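Have a look at these structures, which come just after this line.
What follows is chain A paired twice: with chain B in the first complex and chain C in the second.
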Partner chain A sequence: MSWYSEHGPDQDIVISTRVRLARNIADFPFPHLLDSEKSNELIDLIEENVNKIVPNFFRTLHFQDLSEIDKLALTERHIVSPQLLQDKSEKALLINDDEDQSIVICDEDHMRIQGLYPGFKPDETFDKTHKLAVALESILNVACDNEFGYLTACPTNVGTGLRISALLHVPGLHRLDQLKYIIDSIRRSGYTVRGYYGEGSTEKGQMVQVSNQITLGQSDENLIEKFNTLLNSFIKKEREARKIWYQQRKIQLEDKIYRSQGILQSASLISYDEAFEHLSNLRLGRALDFDNFPDYPDILTLSYLVGVGSIQKLEGKVLSGTERDAARAAFIKKSLANK
Partner chain B sequence: MLCQKCQNNEANVSVKTQINGLTKTYNLCSSCAKKEGFLIAEGSFGMPAMTNFLGKNAFSLPLDFNKISSEEPSRNKLDRHSCPKCNQTFQDFKKTGLFGCPYCYQEFREVIESILTEIHGCHEHLDSSTTGKNSTAKDSAESNFDESFFKIESRSKTKQNNETKNDEKENSNLMVLKKSLQNAIELEDYEQAAVLRDKIKAIENDSAQVDEKEEE
Partner chain C sequence: MSWYSEHGPDQDIVISTRVRLARNIADFPFPHLLDSEKSNELIDLIEENVNKIVPNFFRTLHFQDLSEIDKLALTERHIVSPQLLQDKSEKALLINDDEDQSIVICDEDHMRIQGLYPGFKPDETFDKTHKLAVALESILNVACDNEFGYLTACPTNVGTGLRISALLHVPGLHRLDQLKYIIDSIRRSGYTVRGYYGEGSTEKGQMVQVSNQITLGQSDENLIEKFNTLLNSFIKKEREARKIWYQQRKIQLEDKIYRSQGILQSASLISYDEAFEHLSNLRLGRALDFDNFPDYPDILTLSYLVGVGSIQKLEGKVLSGTERDAARAAFIKKSLANK
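And now, the complex of A and B:
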């Protein structure tokens, strides 16, 4: 079962928690200096060793073999970043059936070992990712240095190689015009706040991604603990904001959410952006305990499946813009009727 | 004063960051401050550029390297020096922000220390599992090679037998707690701040008691 169809803690606000560990093989130049032959050699080496640890756990996807629709669908499910797909060099993705564990090979680093979890679970997400990283280190010659820690292509990842992030839905703070102050404060504390698709992306459905910036000078445990504390404060602030919003503008907020529900239940054509915006309002309605609203995993699954690439994958063919909008509207209507 | 990023406009925004206990002040023009996400346009959502000041983009900023270059004249000579393993020069790194291979860290060690301090506020890694990688990593990996590999719920914490390491860890925990306290206060989360304040007090009291015992 896909990770996004499961429940998780603090799901009223946190969509997902992600941990990424960057690791490199000591005897190879970093990916940007590898030619196609050497990249493939490295991909084979890593794949072979991963299979020794967890036989048949991952399937391998070679990026150059993937269709544009497949690639788009991967970014829409947050498995790889949109930037990764623009780069045409040899890359591979090892991914499990639940899609909560993956290894991107030959991105900026040789290995980006990644774990995902629904809701806010930094410890568990770190654990499952770290276990795989530790097992791989025991059989691969991973580059590390006594003083600098794990060595990475970019010095911003050196040390632990750990990047932890959480995707949050923050309409309350947005509505109360408080989000910018919170973001400002988070940034000043050495964290990064980005849009829905991470680096370089813009806002979408009032969702923001927060991640650590510092990877050196603190242990994994410290980084996770600090992130935990910061995010808990952020989550609490968003809950307070929603409460105030609902107390002060109850009828307007209800109207906004029920209108979104109405559009999703009855539209014949709907764009991805519009669907996303309304699904985001539906999520807020669920958080406010509105009657008969779909559960968080159902909303998240829907938002993943109706992306531009994903909806074409679901239909099994290339669709024009209008065809996509029609297929999306029909799929959402059907899914909501079943809930 | 000119903006430290674009070196073109007059700097009219002063940005203070505090990372890993290191406080830094940058003087920027309002346009660069906006681009880096430090100045938020009136009425906007508050996420203008989604870039980070010390992230990858920092390596296209002239300010870090100019600053270090002036402090270390040897850096200019270093520009042309290349890594014997991958042939990348330091100049190549300045262009891309990426090193060529893991050995580059050995080859450019001295200057990398200052780069890492510029980015992370320090240049020393703190985690026993990396430094003792060959033994500790192998041990824990072997115990993980069973069917329950992905089912284990509890987090295996690295044991540190070395007392010095323990002290370092305690100091670093205290540092983390203090930083978290500062964050909580900034976010006006006073409930969390009170919890953190108590934790800090408890650790400080413990170490004071240990010191007293040692003196006795």
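And now, the complex of A and C:
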């Protein structure tokens, strides 16, 4: 079962927690210095070793074999970043059926071992991802310096090679005009706040992604603990903001949410951006315990399935803009009617 | 039963047909020259004589006794014009329970005998209204000149004193950008085209009101016949325009109409203007035979009941803007759920 069809802690605010560990193989140059042949050699080596540890757990996707629709759909489910698709060099993705564990091979680093889980669970996400990394290190010659720690292509990842991030839905702080102050304060503490699709992306559906910036000179445990504290405070603030909003502007907020529900249930054409905004409002309605509202995993699944790439994948063909908008509207209508 | 809860011919396009006959009493100066005492004398005289012809058929409303809400509600049901309410002189309205027959006393003329019926039925509307006028002329000394015909306060009504009008819903011609050409051509034929509330009003919900301009030198029958021909051609053009629109932009049109339905069924706050636009779209959906759409009289009744004055009348109290928007949204939601 896909990770996004499962419940998670603090899911009224946190959509997902991600851990990514950067690891490189000592005997190979960094990916941007590898030619196609050498890249493929490395991909095969890693695939082979991963299969020794967890046989038949991952399937392998070679990016050059994927259609544009498939690639787009992968970014829409947050498995790879849109940036990864821009560069055409040899890359591969090992991914399990639940899509909560994956290894990107030959992107910026030789390996990016990823865990992606619903709600806010930094410890569990780290533990699962770290366990796979440790097992791989036992059979692969991973580049590690006694003083600095893991060596990575980009200096910002040197050290633990650990990037932890969480995607939060923060309409309350946004509405109360407090989001920018909180984001500033988070940034001053050495964390990065980004849009829905991570680096370089803009805000979408009042969602932000928070991640650690510093990886050098700290232990994994220390990093996770600090992230935990920071995010719990952020979550608390968003919950308070929603409470104030609902107390002060109850009917206006209900109007906004019920209209979104009405539009999702009735539109015959809907863009991805518009659908996403309304689905975010449904999330908020669910968080406010509105009657008969779909549950978090259903809303998240729907938001993943109606992306520009995903909806074409679902329909099994290339669609024009209007055809996509029609297919998306029909799929949403049907999905919401089934709840 | 109110006239607007009944079906009428060509109701896919024509909301209502109205006939208004201006008549003045020979022994009294025109209303703008009457003092309060004389006005009341005239009101009593007309009321008394009307009661001889149709006993207990009309009830009498004295405008100075009406609340602002009551007056507003009367304009929203198209019984009197907004202009009539601006001037504070003594005026009265005789109106029957179905609200399809009425006499305005001491507005611009001593009597304006009105008939208002659903759909397009100029002959029937004229006949019913004219019958009452003829009966009144048999017992009241109505000012009539052998050469000019009926004498009226404003020269544009001299002659037959007959004004016939129809309110049309013309989204098709509007959408195809043909409305302005057709309106120009109607105007050149000596007819007036106005907005939803008649003189001086703006367009609302793609509805226009067409009425004759000339009353002098023509017989009633001739006027009605010409109006009939003109309107039938207008109706035909609108039907063709809708057909072309639906053929060329089926899914976009469906999207527009279903979204309006979705919003009406889900909003917690809605302004009169917004509700009116969406109800107009529902009318169009009904005309296109969309499944389970409310019927014309239900839509018309709803559009009448949710006006700024009418919704306060319905709730039985003075409401703030937000309270009205909330009451309107709740009433619409409930009404549409009951269909």
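Keep in mind that, in the parts below, the second predicted complex is superposed on the first by the 339 of 339 C-alpha atoms of A that agree within 3 Å, B and C clash if a C-alpha of one lies under 4 Å from a C-alpha of the other, contacts with A are read in each partner's own complex, and residues count from 1 in each chain.
By definition in this document, contacts are C-beta pairs under 8 Å (C-beta built on N, C-alpha and C of every residue); 3 or more make two chains touch, one makes a residue touch a chain.
The structure displayed is predicted, hence computed values, not measured ones.
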Kindly classify A:Q261 by the partners it touches after superposition: chain B alone (first), chain C alone (second), both, or neither? second
Applying the document's definition of touch, where does A:Q64 land relative to chain B and chain C: first, second, both, or neither? neither
For A:Y150, select first, second, both or neither according to whether it touches chain B, chain C, the two together, or no partner. first
Would you sort A:Q248 into first (chain B), second (chain C), both or neither based on which partner it touches? neither
Residues of chain A touched by chain B versus by chain C: which partner has the larger set? B
If you stack the two complexes on chain A, which partner ends up touching A:Q101: first (chain B), second (chain C), both, or neither? first
Who does A:A326 touch here: chain B (first), chain C (second), both, or neither? second
Would you tell me which residues of chain A are touching chain B in their complex? 24, 26, 28-30, 32-33, 53-54, 57, 101, 108, 123-124, 126-128, 131, 134-135, 137-139, 142-151, 153-156, 158-160, 174, 179-185, 187-190, 192-195, 199-203, 208, 213-222, 225-226, 229-230, 232-234, 236-237
Where on chain C is chain A touching in the complex? 251-252, 254-255, 258-259, 261-263, 265-269, 322, 326, 329
Touching residues on chain B, where the partner in the complex is chain A: 16-20, 37-38, 40, 44-47, 50-52, 54-56, 58-59, 85-86, 88, 96-102, 105-106, 112, 115-116, 119-127, 129-131, 133, 137-138, 140-142, 144-145, 149-150, 152-157, 169, 172-173, 176, 179-180, 182-184, 186-189, 191-192, 196
